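Quick heads-up: structures coming right below.
Look for chain A in each of the two complexes below; its partner is chain B in the first and chain C in the second.
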Partner chain A sequence: MKQLLRKKDKDYYWALLAILPVLIFFIFFLLYPQIINLRYSITNYDGFSKDFKIIGLSNFARFFKGIDPKGIVSFRNTLTFSFFSLLFGIPLQMVLALTFYNGVKGNAFFKGLFYVPSVISLVIISVAWNNILQYRGLLNRLLEMVELAPFDWLGSPKTAMGCFIFINAWQFTGYGTIIYLAGLSSIPEEILESASMDGAVGLKKYFYITLPLMMHSITIGLFMGLTGSLQMFILPFILTGGGPLNSTITFAMNIYNNAFIMQRFGYAAALSIIFTLFIGVVTIFQMRFTRKREVSY
Partner chain B sequence: MRKMMSVLIIVCMLASTAVLFAAGQEEGSKGPVELTYTTWMTKGEDKPWIDAFNAANDDVIVKMDMLEGGKYPELIRTRVLANDMPDVMMLMGNQIQEFSREGYLADITDTSAAKLQSSTPMAADYNSRDGKVYGLNITGGFMGHVWYNKKLFSDLGLSVPETMDEFWAVCEALKAADKDPMLLGGADTWTYKMLRFASWTTFADPAMKATGFGDIGEALYNGADVAEVYRGHAEFIDEMVKKGYLIQASLTTTWPQSSQIFVDGNVGMFPQGPWMATLPEVVAADPDKFEMGVFAMPIENEEGKRYVIATMDRFMGVSSKSDNLDASMDFFNFVTSDESLIGYLEPQGLTTLLDLDYELPQTIIDFKKMVTGEKYTAVPYVFPTPAAWENQESQMPKNIQSGATVEQALTEIKNYYLDGKETIKF
Partner chain C sequence: MTRAKIIKSIGIYIFLGLLSLIIILPILHIVLSAFKTNAEIARMTIFPGSLYLKNFKTVFDNPYTLFAFFNSMILVVSSLFLIVIITSLASYGLSRRKEKVFSVLYVVFLMAMIIPAVSSMVPLYKLISSLSLMDTRLSLILIYTTSGIPMGILLYTSFTKTVPVSLDEAAMIEGCSYLTRFYQIIFPLLRPITASLIIMRLPAIWNDFMMPLLFIRDQWKKPITLVVYAFSWEHQQDFGAIFALLVMAMIPPIVFFMIGQRNIYKAIAAGAVKS
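And now, the complex of A and B:
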């Protein structure tokens, strides 16, 4: 017994030693900055001056009381962007995953084609789409060639956010498709065959057999999509600066603007904490929801 | 065996972590001293300075970082926060105030640049704090240039408008001829500032007078009604947009794109800074399609007065946190010598408040003559307003062009100003 226990302790210490480098990285690059951030969030630090003082929870109150002119609108925009990105993105990714799973001519080529945008820097993507969507851009020139009137895609508050949702869905379609394809591929053929023999076909088979069995992939895909879309920053930062008429300013942009333009670093720190907690809560609920529906065989 | 492998892997991981830390702390390598110079002149306007200094100094290499102008203040600020401050910097006006207040700028009182600047009280005062000089103002003068295509005007039988009625008639004639009356590179929001400089002061005058302050920024800080200071300008923009004179493409065209579109010959008027006079695309323009002229907006107030803004634009400072302060000062002294400054200002056609003698392009001379005549009165705009205010000042006309009403745009800018006022420090 003593020997067994000693062996267990040894394993424990070896394991600790093995994760030590990552633990050091986590403490210095993730945990410590969060603690510093928490400290700044209760001060009126402007990001520059050494002269600042503790102001308690005033920064948090500034957001929740709606004093921040762009606080609520940026939060609403972020939720809108995230909701519609996932609403359009996930079904599209699933359809593509099913298509690739069932085999299509040029399978490998199309998989690569859809995946490539997700590995390109979002900065480059933004600049490229700016050249397409700006008033004198490629899209309007094509419209004029077919004698249609040009439209101000990025300059109109009605369409700017829609453009971002489209660009985001386009960029990450391949990424999500690969995740769902992996989920589909992990389902044993025998289960699908026996389901077919029992009369489950088409959509019924998909919703009652396939979907539950690939729910673990959906957990991952939804988690990645949710956290990524909620943190959207680069697209509006480069393409519209948060306009037109604040229609594309996101929460992450508002944090950046407050920290580096408005010189309200303390308030920006508070916003980042609020946002972190919000994303944490949302993803906990999401994972609970999807994990409950995961089926093992 | 397995344990030895585990130990080896762990040691390697720890060692690589330690190396990463050490790399960040590495101090001065052997060889020439490296300095970093930052600027927002992204067309390489400052490169001749760098090349000349590097050619004359074997033991110092200056590397230039060109940062986007619209985001320059926050990009520099993030570098300061990250302890990665450039050694020498081109700076904007409010940055001089901010950086010198927090001790980030080196004392340049005893330099020849400071002595040169001392003959211009406005510039000397602005760049001083507690009796010491921390920055050099390089460019300054009148703003509000409205550049126009002389060739296009001539083809359509148009002349420079001398009254607002004539201005509206010119806009209508250009539009009727299927030409774009006015374009901005509004994707870079700061370009809206150029139209504001061309039109704002006259409109703002009554609201400023109520405070007794002659500087717009100072008037705003000391209680001028924000909405009333901007109302005339907002209504002007609204009219320009509704009549289709300020074209919709302005919202999403970038500054570099807009200057090229202007010289390609389909745009009548282009409000921009004095640097337009010597831009490469202007110099290389097809003379059959484009010849550049300039005028000042003929906006008058009810008393028949016209105003023009006088301001300072580019400044330079040395970081007090530089690891190579002596070399940084050498570079600063090199580029701010009279000869070097003239070599910088003259090719770009830039005006300065410094007492330097050099040739200006004819268009700049023409504009200066227009606005120093009897018709115009200069209004200073040098009060150190925060970057956030300036950002919103340019955003306001953009909002109108995106569909906001005048009242909506004015309410937003007023709320923004009142909310941001507490962040102002001196």
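And now, the complex of A and C:
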């Protein structure tokens, strides 16, 4: 027995040693980069020259005081994109989840079909949608067939962001549906049955009984949706370059442009820190909000 | 069936049918256009006049594009291998030991989930170039491995907790070392969760565009996403060839999805349901 205990102590060091590879990756490629961000965020570093100096918090001021003409705009665009993607996406996904939960013939077929866009790379999706939405594209061709006027969907500041929101909601319809379907399926049937017997039916039953009981899946769905959409980069990068009139430039794209095109490496580092903090606050707030509404049974 | 029920189910099918159309139309458009001549594409005919295959020949004639599939495969296989090996081993200790240091590390690893990839692109560019790893596939493998840590730790730690400790104790009495104990006894039992992890991470690595955009310049090292992007710039007049490449690039993830469909749903559900 004593020998076994000694062995357990040795285990302690073995366990630490076994964590080391993960820890090394973690420190080197995740933690250290954030330290690099902190270091450059207070400089006017351009990305390559050796003489740069510390300029205090001016990079942060550049963003918050609106000196960067694209800073606040890109932030607002990102919020718009995220908000409306989720606003249109989640209710649709929930209705679909409910439809599948109640069971229709061809359940598996529709589920599979709706899921397909989410496994395809956004680069492919962007190139494809570009061909559909451009002025001489498929959509306008279809509109002409029913004698409607063609429109420059991606070239107009009024509709370009709308297109992105649509594409994003379109891509993740199936993915979200699977999450909420899992949430629905995890509710014990007896609870739903007894709720029906107590007179809860239709929408009332859904909002007061079903929804709170599947809140955990909503926490996950919102988390995935938020962290994904707030980081949107590929759609504007490939489809519009952020235009027209900056109407589709996102925060991620502004970071990229500043770092790799305009050689404002220090400022891009500051933007990255602002972005990390922002995402952190949003997700913590969101988790608290939905977690509080999770009920157990 | 009552009349109301019949009307309701017709309504449901109309809803699902319309939605299917919206979902599938863009994908169908890619596939159909890949078999059209450029004249047909310019005229925006809905269906190709005949099964025109020259677009695919254009793609096959470009050696980089085919090599890109190989590159993407290398990235996926090596990153997933590393993720599985290091996070499963780390999670064994994290789930078994009761000391504080392990629970602290566990939380720290999970918190990494909220650090957005976008915030890392600027410093990673600096780091990768100072390590002289620019223009290497290794740079991407290291980054993808790191990005798999939070999910790997989360899945493996919670699953290892369900493996009875008596198995460890039996092995300990047998005199097995820590590593043999893990690899011979515990790791084989984790197979379902290894499958889930691979299923969840594979598309993310295969489809990533931002990191290769930053780090890969060499034509021969570009993964498929970057080649699709470059190809669609270089062949702006040859839409047929672009569509052919899109079709080819879509096939691997779609096939993977069709094979693993059930397990994919299960893996997503595992995250969405409180255990």
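FYI, the second predicted complex is superposed on the first by the 277 of 297 C-alpha atoms of A that agree within 3 Å, B and C clash if a C-alpha of one lies under 4 Å from a C-alpha of the other, contacts with A are read in each partner's own complex, and residues count from 1 in each chain.
The criterion applied here is as follows: a residue touches a chain if its C-beta (ideal position, glycine included) is under 8 Å from a C-beta of that chain, and two chains touch if they have at least 3 such contacts.
Since we're looking at a predicted model, the values are computed, not measured.
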Fit-or-clash call for chain B and chain C when the two complexes are aligned on chain A: clash
Chain B versus chain C as contact partner of A:L79, first or second or both or neither: neither
Partner chain(s) touched by A:L192 [first = chain B, second = chain C, both, neither]: neither
Chain A: partner with more touched residues, chain B or chain C: C
First (chain B), second (chain C), both or neither touched by A:L154: first
Contacts of A:F25 with chain B and chain C, given as first, second, both or neither: both
Contacts of A:W14 with chain B and chain C, given as first, second, both or neither: both
Which of chain B and chain C A:Q134 touches, first, second, both or neither: first
Which superposed partner A:L211 touches (first chain B, second chain C, both, neither): neither
First, second, both or neither for A:P69, with chain B first and chain C second: first
Contacts of A:L122 with chain B and chain C, given as first, second, both or neither: second
Clash with chain C, by chain B stretch, listed 81-89, 225-233, 333-341 or 351-359: 81-89
Where chain A meets both chain C and chain B, residue numbers: 14, 18, 21, 25, 136-137, 256, 260
Complex contacts: residues of chain B adjacent to chain A: 3, 6, 9-10, 13-14, 16-17, 73-74, 77-78, 80-81, 98, 101-102, 187, 189, 248-249, 251-254, 257, 261, 386-388, 391, 395, 398-399, 401-404, 412, 415-416, 419-420, 423, 425
Residues of chain A that touch chain C when the two form their complex: 4, 7, 10-12, 14-16, 18-19, 21-23, 25-26, 28-30, 32-37, 40, 96, 99, 104, 106, 110-117, 119-125, 127-129, 131-132, 136-138, 141, 170, 173-175, 178-183, 185-186, 216-217, 220-221, 227, 230-231, 233-234, 238, 251-252, 255-256, 259-260, 265, 268-269, 272-273, 275-276, 279-280, 283-284, 294, 296
Touch list for chain C against partner chain A, complex: 9, 12-13, 15-16, 19-20, 22-24, 26-27, 29-30, 33, 44, 85-87, 89-90, 92-94, 96-97, 99, 101-102, 105, 108-109, 112, 114-127, 142-143, 145-146, 149, 153, 172-173, 177-179, 182, 203, 206-207, 209-210, 214, 224-225, 228-229, 232, 239, 242-243, 246, 249-250, 253-254, 256-258, 261, 264-265, 268-269, 271-274
Parts of chain A lying in touch with chain B, wherever the complex brings them together: 14, 17-18, 20-21, 24-25, 46-50, 67-69, 130, 133-137, 152-157, 241, 243-245, 256, 260-264
